[in-house]
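Across the two complexes that follow, subunit A remains constant while its partner is subunit B and subsequently subunit C.
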Partner chain A sequence: MVLETEDLRVDYGHVRALRGVSLKVRRGSLVTLIGANGAGKSTTLKAIIGLVRPSGGRVFFENRDITGRPTHKLVAQGLSLVPEGRHIFPDLTVRENLKLGALLIRDRREEERRLAEVMEMFPRLGERLNQKGGTLSGGEQQMLAIARALMQKPKVLLLDEPSLGLAPNLVQLIFEKLEELKRGGATILLVEQNAYQALRIADYAYVLETGRIALEGPAKALAEDRRVIEHYLGG
Partner chain B sequence: MIEGFYRAIARLPWWLRWSLAALILGVVVGFVGSVQAAQGEAGPGLLPQFLNHFINGLALGCIYALIALGFTMIYAVVELLQFAHADIFMLGSFGAYFALRWGISNLYLEGAVPLWAVVVMAALVGMAVAGLLGYLVEKLAYRPLRLRGAAPVAGLIAAIGLSIMLQNLANIFFSPDPRSFPPQSFVIYQLEVADTPDFQRPRRFRVVNQTAWQAPEELMGRDFYLRIKARSQRGESAFSPPVKVEGRESARFIRFGEEAQEGGLSIGFVSYSRRVDERGRQLLTISWEKPPLDAISFPELVPRTPLTLMGSGVDAVTVTPVQLIIFAGTLVLFLVLFILLYRTQLGIALRGVSQDPMAIKLMGVDADTIVSFTFVLVSASAGLAGVLWGLYLVQIFPLMGLFPGIKSIVAAVVGGMGNVPGAVVGGLTVGVLENLVKGFIADRYSPLADAIVFLLLILILLVKPSGLLGSPKVEKV
Partner chain C sequence: MINPYYEQILILTVINIILALSLNLIMGYNGLFSIAHHGFMAIGAYGSAVLALSFGAPLWLAALVGMAVAAVIALLIGFPVLRLRGDYLAIATLALGEIVRKLWPVLPEQYFGGAIGLKDIPQFQARIWANVPVSQLDQALSGPQGWMIRLNGPMNLISLVITFVLLLILVGMGLWGISRWLYRLGERTRLGGRPLVIAYWVVLGVGLLVYYRGLLGFAERMFWFDRALSRQAFASDQWALFLLFVAVLFLFTWVVMNYLNSLYGRAVKAIREDEVAAAMLGLNTFRYKLINFTFASMWAGLAGSLFAHYQLSISPEDFNIFKLVDLLLMVVLGGMGSITGSYLGGIIVSWMPEVLRFLAEWRLVVYALTLVVLMIFMPQGIYGYREIRLIPTWLRRRLSRQGGEVA
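For the complex of A and B:
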């Protein structure tokens, strides 16, 4: 297991957002975490990457306990998060946004190589390198957020609702890119509300309900589960 | 906080904004008219006057810009109005002052380095002192608040408290009296102390600029011999005749005869007195006469003779060497800053923090490190402003930060809070307006002058509510 949480709990004051979440991500697999609004999906990712402090439970990354370690250190160790709402830097150019993704790389040539790679993956960004991030369309901003995380060549990529608020053709495009990454051997933990697409490309899935894992299993199996179809696939 | 201010102005109905603006303009123009009419014909022409005030304004404006940079960048990064920034400016000035004093007496007067090198060194010390203070202030005062998620007003209160504290510490340690910057004159006194009147194996002590000295503990209750010579950049005197300090004598005054008065630097008398302090310790104070001052007044750090740009006589448009130094210093600092902000990864990260502090952590950088770096950077700039202020206005004192501080905050607001080029534009605008108003409209020392300056700045905000370079949408997205 490259990433694992054990009975993870998070409280926001009196709000108990996570009440013991245990999940595992195997190297080279795409694991998805689905659930309704407010189920605690974002909180799970934030607790993993140190943006919120868990009140209980543990997080293991490459078999080391990383619970409560500061975010920037985890990023340096190979965890990357594409946050919900993209959080690109609106007043920096696309190139500068990407450069920040490569902030920890000292080697300029390596930086250029990665830049070329992500631009090959997202040609639309390549055409807009000198444009301010804030002037991009929503879909382009999402691509930028993903590309920026990919500049870090993460060992595990955490994605929080990358398809949120995008037109159907763009949703399609984003999921194609995720499949492409998966084929390239990437390890991904994907949080989604678009359960249909997520289950289609994932290897394994967890269903989160009010801070607890309600169901888990291979994505194929869950996609056929009656409860999942009823609640998440609009069937 | 500041956003609220911009929003409040922007929310005024347009007709109210414009009529207020027109009213202010009318009042100021009317005032100018009446003052000009009363002035009559004599004196320099209008254009050279204007240009001179303009140049003076630019010089002052550069200093405001250097300070405003800090207000604006700190606000951009942590949304805090760092009131104590003005006091860091003051302490930078004091840092440079003490470095200057030390450097002149220990390096320049010893012939080790030329004067300009001492000035440069002092400027660097001033910047370093300010930068270090900025670091400490952030680390010890603001960071704990930030990490606990304190409300913005807590930061503001901390900032005001810090400002008052720094001012009062400076009052205590440096005394509230203004000092001239640079120190005007230097005399170094060399004291030799020995057991025998032939001064074999003497112990040497140095005293700078003071004409009194506390003898160390081991000289208490003993007889010893003492002689003193004075030295300045004009040369040095011979040793005074030896004085015997008697261990059992409580006080004595020794005047030397004519034979000791050769050259301009001789010491006419030496006296000593003993007393017991409140803790029961013996104190032996030795004092002596200060040689005639005219022999040792210190040369100007920077020549004061103005350079003429155009015209002559009363119509001459001039710029002083200090002003040129201010222009050059400010230009270099802002060039370096812009290269840093726009060409280096650290600079990009710094701009990133101000836009999205959470996302910057996801880039693998400790946001706190960048905040620290920002404080150091802008505080060092304020330190430079303090040095330039000292060179320009030749006086420093613990409360000196107050007015430049207020004007720099206003400059940052007028330029567009959070906007670095805005700090430059705002600073220059405030400086130039201030000098034009004080030159043409109101008396330099009348409180009316500043009121008119502020009125004009309000006018700018009425016309452009987000500040000169601020973006129209004020809310952060």
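For the complex of A and C:
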């Protein structure tokens, strides 16, 4: 297991956001976390990467306890989050945004190599290298956010609702890119509301309901599960 | 010779620019609404004055210690306070500034002077070229080293000219900046940019022609063209003090320019733009905020120390809420996140009270009105998030094209 949470709990004041979430991410797999609004999906990611402090439970990364460790250390160790709502720098160019992703790398040649790799993966960004981030379309901005995280060569990529607010054809495009990443051997933990698409590309899936894991299993099995179909796939 | 009244305002202008630029590091570049800056200025002023008065420290050492004390206190206080965000940070820092002001009367009176404050603070001794105090000037001129001092006459004239050229550049920057701003404003409306800019320069030119007598009168009041006095004036300690402060200001500006381009400066700006994204780049956002806060407060301490050793007396009321209003006005009016803006803000806020002196008690009303009008028409201040380029853009582009990479 490259990433694992054990009975993870988070409280926002008196509100219990997570009531004990245990999940496992195997190296090279794409695991998805689906659920309704307010189920605690984003909170789980934030607790893993140290943006919120868990009130209980533990997080393991490569078999080391990383519970409550500061975000910047986790990023340096190989955990990257693409936050909800993209969070790119709108006034900087695409190239500058990408270079910021490799901020912790001192070696200029290594930086150039990664930039080339990322542009091969996202040719659309390559065409717009000198354009300001804020002038990109929603889908392109999302790709930029993912590309920026990939500049860090993360061991595990955490994605928070990459399809949020995108047109259906762009959603399709983003998920194709994620599949491509997976084929390339990346380890991904994907949080999604778009359960249909997420289950289609994932290996394993967890269903989160009011801060607890309600269901889990191989993605293919869950996609055929009656309860999942009823609640999340609109069948 | 320069009229001592205007000389005083010039020196205070320099101190104010240092304050504006250092506060801009926190508010403009890091996007934190911290309003304890007058407190750190007071700490620098008191620290340095107490050291010089009670312990007889040399002034350069006192100033350095004043800076250090402000920095250390900023570090200690920033540690809990900078974890707050937005409004909460503003409230906490506001309280902090007030605590500092109320602190001086409580501290041992023999050192800190109680509610009355400190007086007879030693003054910075700065001399131009000739190491001779004004009182001994006539004697020295007739002595064996007299030729050296006589040589200094024209040398001082050169330094005077340099200073005026700098002032002219600053005024020119302001006028040119306003024309650029009008151009953008015109482009957004139906008026069009070019007609508005032409109208602006015409009005300015006509205004100058009509009012040139008034300007001459001002220059006469500002500068005393008196042959008998001018020999002393060039060796005047006050004028030397002004040049010394300008040197400190330019040094500070140079440090800030480098700081802003370093990893620290870039990190600070990234945090302003988007703190979550900055954290995702692997930046320890809290650490950079703390470093920036400490760095900026340290320079506020220096400004306080310059103030104390120039003013020669300080009291807790020199650092009250009105001082804070002045500081905020400088940053917001000049422009957030801009060195040019800090200079403009410092100059405008230092000179406005003098220009508006005939309004007496209405001055603060005009202040407030200026802010309101400005926030409506220029929400980012005169030079918000922009700089005057000393090298014109077309030249810069040509240079960088030859150099290969476009910066």
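Simple rule for what comes next: the second predicted complex is superposed on the first by the 235 of 235 C-alpha atoms of A that agree within 3 Å, B and C clash if a C-alpha of one lies under 4 Å from a C-alpha of the other, contacts with A are read in each partner's own complex, and residues count from 1 in each chain.
The rule we apply is simple: a residue touches a chain if its C-beta (ideal position, glycine included) is under 8 Å from a C-beta of that chain, and two chains touch if they have at least 3 such contacts.
Quick caveat, the model's predicted, so the values are computed rather than measured.
*Asks:* Clash or fit: subunit B against subunit C, after overlaying the two structures on subunit A?
*Replies:* Subunit B/subunit C on subunit A - steric clash.
*Asks:* Per the contact definition in the header, classify A:R113: touching subunit B only (first), subunit C only (second), both, or neither.
*Replies:* Neither partner.
*Asks:* Looking at the overlay, does A:H72 come into contact with subunit B only (first), subunit C only (second), both, or neither?
*Replies:* Once the two structures are laid over each other on A, A:H72 reaches both partners.
*Asks:* Considering only touches as defined above, state whether A:R53 meets subunit B (first), subunit C (second), both or neither.
*Replies:* neither
*Asks:* Quick check for you: in the superposed arrangement, does A:K99 touch first (subunit B), second (subunit C), both or neither?
*Replies:* Touch status of A:K99: first partner only.
*Asks:* Taking the superposition as given, does A:K220 touch the first partner, subunit B, the second, subunit C, both, or neither?
*Replies:* neither
*Asks:* Taking the superposition on A as described, I'd like to know which of subunit B and subunit C A:D91 touches: first, second, both or neither.
*Replies:* So A:D91 meets both subunit B and subunit C here.
*Asks:* Pick out the stretch of subunit B that clashes with subunit C after the overlay, from 163-171, 199-207, 235-243 or 271-279.
*Replies:* 163-171
*Asks:* Between subunit B and subunit C, which residues of subunit A are contacted by each of them?
*Replies:* After superposing on chain A, subunit A residues 51, 70-72, 75-76, 80-81, 83, 87-91, 100-101, 103-104, 149, 152 contact both subunit B and subunit C.
*Asks:* Can you tell me which positions in subunit A touch subunit B when the two form their complex?
*Replies:* 49, 51, 70-72, 75-76, 80-81, 83, 87-92, 96, 99-101, 103-104, 134, 148-149, 152
*Asks:* Which positions of subunit C touch subunit A when the two form their complex?
*Replies:* 270, 273-274, 276-277, 279-285
*Asks:* Help me check something: in the complex, which residues belonging to subunit A touch subunit C?
*Replies:* My answer: residues 51, 70-72, 75-76, 80-83, 87-91, 100-101, 103-104, 149, 152.
*Asks:* Considering only the defined contacts, which subunit B positions touch subunit A in the complex?
*Replies:* 345, 348-349, 351-352, 355-356, 358-367, 477
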